[in-house]
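Next come the structures, one after another.
The two complexes that follow have chain A in common; it is paired with chain B in the first and with chain C in the second.
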Partner chain A sequence: MLPFSSWEIGPIFRAMTRNKVGAVLIALQVAVTMCIIVNSVHILMERTEQMARDSGIDEANSFYLSSTGFADDFNDQVVIQTDLDAIRALPGVIDAMQINAIPISGGGWSMGLQTQPGAEFEGVGTAVYMVDDHVLNTLDLELIAGEAFQPSDIRWRERSQRDWPAEIIITRALTENLFPEQSYQDTVGKTLYINDDEPVIIKGIIDKLQAPWVGWERLENAMLSPEQTLFSSSMYFVRTEPGRLDELMPAVEQMLADSNKGRVVRGLRSMQETRERTYRRDQAMIKILTTVMITLTLVTALGIVGLASFNVNRRRKQIGTRRALGASQASVLRYFMLENFLISSIGVILGAVLTVGLNIYLVQSLGLTKLHWWLIPVGMLTLWLVGQLAVLGPARRATATSPAIATRTV
Partner chain B sequence: MFNYYLRLALLSIRRNPILSGLMVAAIALGIGASMTTITVNYLMSSNPIPQKSEQLYYVQVDSWDPNNPAEEPNEPPDQLTWTDANNLYAAQKAERQVIMATTAAVVEPPSQDAKPFNAYIRLTTNEFFPMFDVPFLYGGHWQASADKGREQVVVLSRKSNDKIFGGENSVGRSLRLAGRQFTVVGVLESWYPAPKFYDVGTGAFDEPEDLYIPFLLKEELQLPNGGNTNCWKTPEEDSFAGFLRSECIHYQMWVELPNEQDKQAYLAFLNNYANEQKALGRFSRPLNNRLSDVMQWMENRQVVTDDARVMLWLSLMFLVVCLLNTVGLLLAKFSGKSAEIGLRRAIGASRQALFYQHLVETACIGLTGGIAGLALAYLGLLGIGSLYGSFADNLTSLDINMVLLALLLSLISSIAAGLYPTWRACSIAPASQLKSQ
Partner chain C sequence: MLNMQNVTKIFRTDLVETRALSDFNLHVKEGEFVTVTGPSGSGKTTFLNIAGLLESFDDGVYDLDGQNVRHLNDTQRSRLRNEKIGFIFQSFNLIPDLDLFDNVDVPLRYRGFNSSERKRRIERCLELVGLANRMKHLPAQLSGGQQQRVAIARALAGEPRFLLADEPTGNLDSKMAHSVMQLLKDINDEGTTIVMVTHDPSLAREAKRNIFVKDGKVSDVTHITASTPEQVASISASGACHV
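Presenting the complex of A and B:
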C-alpha cells in the first residue's frame, strides 16, 4: 500500500481543471443517472411491496363466474340453490357459494360502521361481502374469535332492500379500527351501527380478508353479511382442490349453461387472473422502470468508456513520458481509476441532491411516498462501481503504452 | 457545398464506425424512450372532440351531505341524483342537453345462431348523438318524442350490429333486450373517442357501450345501475322507485352552450335551481354549482395517470443523459480530427465553413439516431400495449405529429449537443496541428 500522499490526487486534480468539459460531462451524466435509478428503484420497491400483500383467500385454487337470467319464468332463488348444490357436488370442488363482490377485483360495495348511533358520528368504511354459511371454507378464512354463520342465519336480500342482518362477521383490522383501545377478542358481541343508526352485532372475527379496492388505504376492512342476493346477476365463487382449477373452470361454466337456457353465464375468471389484471399497471411500471434502469446504466457506462478512451488516446505521449521516467503500469492504471473516482464523486454528490429533489417533486405533485434514506448511499456506491468498471478497460489499455512512445515525437 | 459536406460527413462517420454507432445508439435510445412516454401522455391528454370541446359542459350541482363535501376540499359531487338529472333536463335551458347513465341487460338476438349475451348499455337522451358528433352507419338517433314516450328503441354500436345482425343494415329490425321487444333505429360507425370523455367514471380509456336506449327506460324496466353509485344518505323506501328518488348520485349531464353569455345564463339557472331545491329542504350546502368544459373536466378527473407523468419525467431525464453522452463522444470524435481540421484551415477553409461542415455531420448522426429512435419508440409502444392490455389500446399509436416531433426533437437535440464540440474543433489553431505531423 502506498502512502496516501503518493496517490497523485494533486496532479490528477490539476489535470482535470485543464480539461473541465469532459469531467463535467461525466459528472453530470452520473448525477442524472443516479437520480433516475434511485427514484426508479424506490417506485419499484413501493409497487412490489403493494403487490406482495396477501388477500387472505386461497387465490391459487379459486375462480368465479356470473349468471344472469333473462327468461320470463326465471326463478332466481330456485336457480341459485340448484346451481350451488350442483357445483358443490362436483368432484374436486372443496366448496362454493354466492357472493356479491370479489376481493381485489376493483368493484364492490362499501358501507360505514360506527360504534355510536347518529348521523353526526363519523363511520369507519368497510367493504361488504354478502355470503352464506360456506364462506369460511370457500374463501379459506380463519375464524379467530366468536362464531361462524349457521345456515339459519342466511337470508335473501332483494335488490332495493335497505336493512341489514342482525349479526355480521368482520376482519380483525376492521375491529381494531373501530375499537382501537381493545383487543379484538373482546369486541365479539358488541353492537355496531350501520346506516347511522341500524344496530348489527359482531358475531365473529376473521384474521384477514382484503376489500375489492387495492388502492384503498383501508384495504383490510371487510365485513361478511349473512345473506344471498336476488339481484339481476348472481356471482358464484368456487374453491377447488389444488391442481383441479383448470379442469373445473370450463366444466362448471358448461354445466351452468346447459342446466338452464333462460340465462347467460359469463365472466368466468380465476382469482390469479384477477390479481394479474388488478396489478397489471404496477407490473407494467416495474418492467418499464427496470428496462429504463438497465439501458440507462449501459448508456452512462458506454459514455464513460468513450470519454476515457479518448483521454487515454490524447495523453499517450504523457503516459509514455511518465512510463519512461519510471512510473509503473500500476500507477498509470491507478491514475485513470482515481481520476474517474474523483469525477464520479462529484457526480454522485450532485446526484444525491438531484435524487432528493426529484423525490420531493414526485411526492408533492404525484403522491408518491418518501424515499428510504439508505437508497441514496446505495445508489452512490453503485454508480461509483459502475464508473470504476467502465474505466477499467481504457485504463488497462493505457498501461500498455510503451515508454518508447515518448521519444518518437516532441 | 451542402452535398460536399454531406459526403465529408459520411466519410467521417465511416472512418469512426464504433464512435459514430455509439452516438447514434445514444440518441436513438433517448429519443425512443422519450417519444414512447410523450406519445402516451399526448394521447391521454388529447382533445377527443376538438371541434366543440369548449362548448360542451359537464354539469355539477352540490346536492351532497350538509356535514361533508363530496370530495375534499369542497368539490361538488361528480354525478347527479335521478331527481336533479330529470329536473334539469326537463327545464331545457341549454341549446342542447343530455342526461345519461350506464346499465347492463341481456340481449337475445332474433337469429337462433347468435347466443344471448350481457350487453353494456348507455341510457341517454336523443341529443347525445348530435351533441357529441357521433357518426351513424345506418339510420339515425331517436326523436325527443321517443324519450318522452319511453319507446323501446335502440341504437347499436357497429360492433354489436356485427355480432347480432352480421353487419347488415338492421334499421327497423327488432331484438329482445331485458325481456322486452326493441326496434333498431340506428347503427353507429366505429366510434372510439379517447379519452371516452362523456363518461370517464369507470375507465377513461374504456370502449364505448354496446347499445344506447332512451334514458327513462331506466325507471320503466327497473334497470340496474352500472358504473358508480354513491349515497350520502340511505334511501327512504325499500323499492326501486324509492331508490330513484333517493339522494344517491349515479347520473351524468352535459349541456351544449355556444358562447360565454349562454354559459353565464346557464350557471345562473343552476344557482336558481339550487335555491329552489333549498326551499324544498334539499341542497343544504352552500351554493357550489359547476360547469366544466371537456378539457377542464378531463383535468378534474385526472385522466392522465400519475404513472404516465412519472414515466414522462424519467424518460426526459433519460434523454438528457443520452445527450450529455453524445456531447462527450462528439468531443472525442472531433478532437481526433484536429489534424484534418488544421490542414483544412491552413489551406484556406474559413472557420464558418468548418463549423457548417461539422454541423452537417452532427445533424446526420442526429437524424439517423432520430429515425432509429422512432423505430425504438414504435417497439416501446408495442411493449407498453402488451404490458397494459386493453387499457392501452387507444394510447399506443404513433401519428404523423408524433413522427415529426420525434425527428425534430432528435435534430434539435443533436445539434444542441454538437454545438460546443463543433465550436471547439473549429477554434483549433492550424499551426499547432500541422507541426506535429
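Presenting the complex of A and C:
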C-alpha cells in the first residue's frame, strides 16, 4: 500500500478546476438528484407512516353492506332486527351490527363536544358512530375504562331527531383532547356537552378507533353513540372468523336479498378494499415518487458514466503516459474513482444545502413535516456510492489502456 | 544493464502478422549512450517499448539490470518502470491540465515519496532544465523545446538508472534539438544510461554508440569516441539532477 500522497488528490483537483464544465454539470446533477431523492424519501416515509396507522378495528375480517327498503309495507325496525339476528346466526360470523358510518371510508358524521355548556365555548371535533351493544365485539375494540353499552342503552333514532342519548363511549385520544390535564381513567362519568349545551355522560373509554377521514389531524377522535338509525338506508357491519370473509360476503348479500324482496342490497365491500380505496392516491404518489427517484438516479448514474467514458477516451494518451511513468493499473483505477469522488463530494455538499432548502420550502408552503436529519448523510452516502459504482466501468476500461499508447500516439 | 537475446515481437491482427522484431540482440552497458537509427517501420519504437517494459514480447530473453523481466506481472513492471526507467517521448506527453510542477510530480507520487522530498526533486530538476521560474505554467504556455525540457525533468526526477527516448527531438527545430541533445549528454555523463531513437544522423553521431536497426534486427553498430572537453565542462556547470 502506497502512502496517501500517491492518491493524487491535489493534482486531480487542480486538473479538474482547469477543465471544469463537465465536472460542474455532474456535480449539479448529483446535488439536484440528492435534493429530490432525499425529499421524496421523506415524503414516502411520512405517507407510509400515515398509511400504517392502525384504525383500531379488525380490518382483515370485516365487511359491510347496505339495505334500502322501497316497498310500501317495509318496516325498517323489524327488518333491521331480523337481518341482524340472521347474520349473527350464520356460522363463521363473529358478530354484526348496524352502523351509520364506516371508519377510514371517507364519509361520516361529525359533532363537537365541549366540557362546559354554552355556544361561546369551542368544541372538540369528533367522528360519531351510531352503534348498538355489539360494537366492541363487532369492531374488535378494547374497552380500557368504564363500561360497555347494555342492550337497554340502545335507542332508535329517527331521521329528523336532533337529541342525543344520555351516555356515550369515546376514544382515549378524544378524552385526552377534552381533558388534557387528567388521565383518561378519571374522565369516566364526566359530563360533556353536545350541540353546545345538551349533556352526555362518558360511560366508557375505548383504546382506539379512527374517524372516517384519514387526512384529518384529529383522526383518532371518535365517539360511540348507542342508537340504531331508522334512515332510508341501513348499513350492516359484519366481522367474520379469520379466513371466512370471502365466503361470507356473497353469502350475507344473497341471504339479505332473498329474505326480503322489498329492498335492495348493495354496497358490499370489505374493510381491506375500503383501506385500499382510501389510500389509493397515496399509493399512486408513492409509485410516482419511487419512479422519479429511480429514474433520476439512473440518469445521474448515466451522466457519470458518460463523463467518465468521455474523460477516459480523451485521456488515453495521458493514461498511457502515466502507465509508462509507473502508474499501476490500481493507480489508474484509483485516479478515476477519486476524481468521481471529488465531483460527488462537491455535489452532495451542495445537495445537502438544496435538500434542506427544499424541505423548508415544503414545510412552509405545503405543511410537510421537517426532514429527519439523518436522511441527509444517508442521501450523501447513497449518491457517493452511486457515483463510485457508475464510474467503475469506465475506470476499469481505463486500466486496460496499454502503456505503449504513450509512444504510439502523436 | 540491458541485455536482449533473440527477442522477437510479432503484431497479429485479423489479416496480417507483422514481425516487428525478430531475433533482436543488443547489450547496453551501464553508463552508455546509445542512439538507435533505422528506416521507418524497422522496429525502433517496438524495441524501445520492450526495453522500457511498455510492451511484452513473444520470444527471447530480456534482462534489465540483471533481472529477467519476461514473467513479471503488470504491477511489478509498473514499479520497475517507475523506479529504474525514465521516458522521453517525441510529442513530450505532458499532461495538459497540470502545471509544470505537477507534471514532474507524476512519477514521484507513484514512487510514494513524501511531499518535501518531491518538492525538492521537482525544483532541482526544473532548475536543471532551466525552467524553475515557470513552475506554475501550463505546458501549453511553453515552446516545444521547453516542453521537452519539462519532460526530461519529469523523466529524471525519480533518478532512473536508465533513460529511454523515442525521437525526443523529432518535433523540435535543429537549434532546440541540439540543446536537448546537450542536456541528454550531460545527464549521461552523470552516469545515467541512455538509449535514444532518432532520425537525425548528426545527433546519432554525438552518442558513444549508434546502432542501426533494419527489419527488426540490429544490422550495424558504430562506436564513436568519448565526449569532448567542452561537454565535460558543461556537466559540472549543470550539476545534473542527482539529489
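Methods note: the second predicted complex is superposed on the first by the 407 of 410 C-alpha atoms of A that agree within 3 Å, B and C clash if a C-alpha of one lies under 4 Å from a C-alpha of the other, contacts with A are read in each partner's own complex, and residues count from 1 in each chain.
By definition in this document, a contact is a pair of C-beta atoms (placed from the backbone, for glycine too) under 8 Å apart; a residue touches a chain by one contact, two chains touch by 3 or more.
A quick note: this is a predicted structure, and the numbers were derived from the prediction, not measured.
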{"item": "Which superposed partner A:S232 touches (first chain B, second chain C, both, neither)", "value": "first"}
{"item": "Which of chain B and chain C A:D196 touches, first, second, both or neither", "value": "first"}
{"item": "Which superposed partner A:L296 touches (first chain B, second chain C, both, neither)", "value": "first"}
{"item": "First, second, both or neither for A:R323, with chain B first and chain C second", "value": "second"}
{"item": "Greater residue coverage of chain A in the superposed arrangement, chain B or chain C", "value": "B"}
{"item": "Chain B versus chain C as contact partner of A:Q161, first or second or both or neither", "value": "first"}
{"item": "Touching partner for A:I360 - first (chain B), second (chain C), both, neither", "value": "neither"}
{"item": "Partner chain(s) touched by A:V32 [first = chain B, second = chain C, both, neither]", "value": "first"}
{"item": "Chain C-contacting residues of chain A that also contact chain B", "value": "409-410"}
{"item": "Chain C contact footprint on chain A (complex, rising order)", "value": "2-3, 5-6, 8, 10-11, 14-16, 18-19, 317-318, 321-331, 402-404, 406-410"}
{"item": "Of all residues in chain A, those that touch chain B in their complex", "value": "21-22, 25-26, 28-29, 32-33, 35-36, 39-40, 43, 68-72, 119-120, 158-163, 195-196, 231-233, 263-264, 266, 277, 280-281, 283-285, 287-289, 292, 295-296, 299-300, 302-303, 306-307, 309-310, 313-314, 358, 361-362, 365-368, 409-410"}
{"item": "Residues of chain B that touch chain A when the two form their complex", "value": "19, 22, 25-26, 29-30, 33, 67, 104-106, 108, 115-118, 176, 178-179, 224, 234-235, 237-240, 242-243, 305-307, 309-311, 313-315, 317-318, 320-322, 324-325, 327-329, 331-332, 335-336, 383-384, 387-389, 391, 420, 424, 436"}
{"item": "Partner chain A, residues of chain C touching it in the complex", "value": "45, 48-49, 52-55, 74-75, 78-79, 81-83, 87, 89-91, 93, 95-99, 102, 105-107, 109-115, 118, 138, 154, 158, 166"}
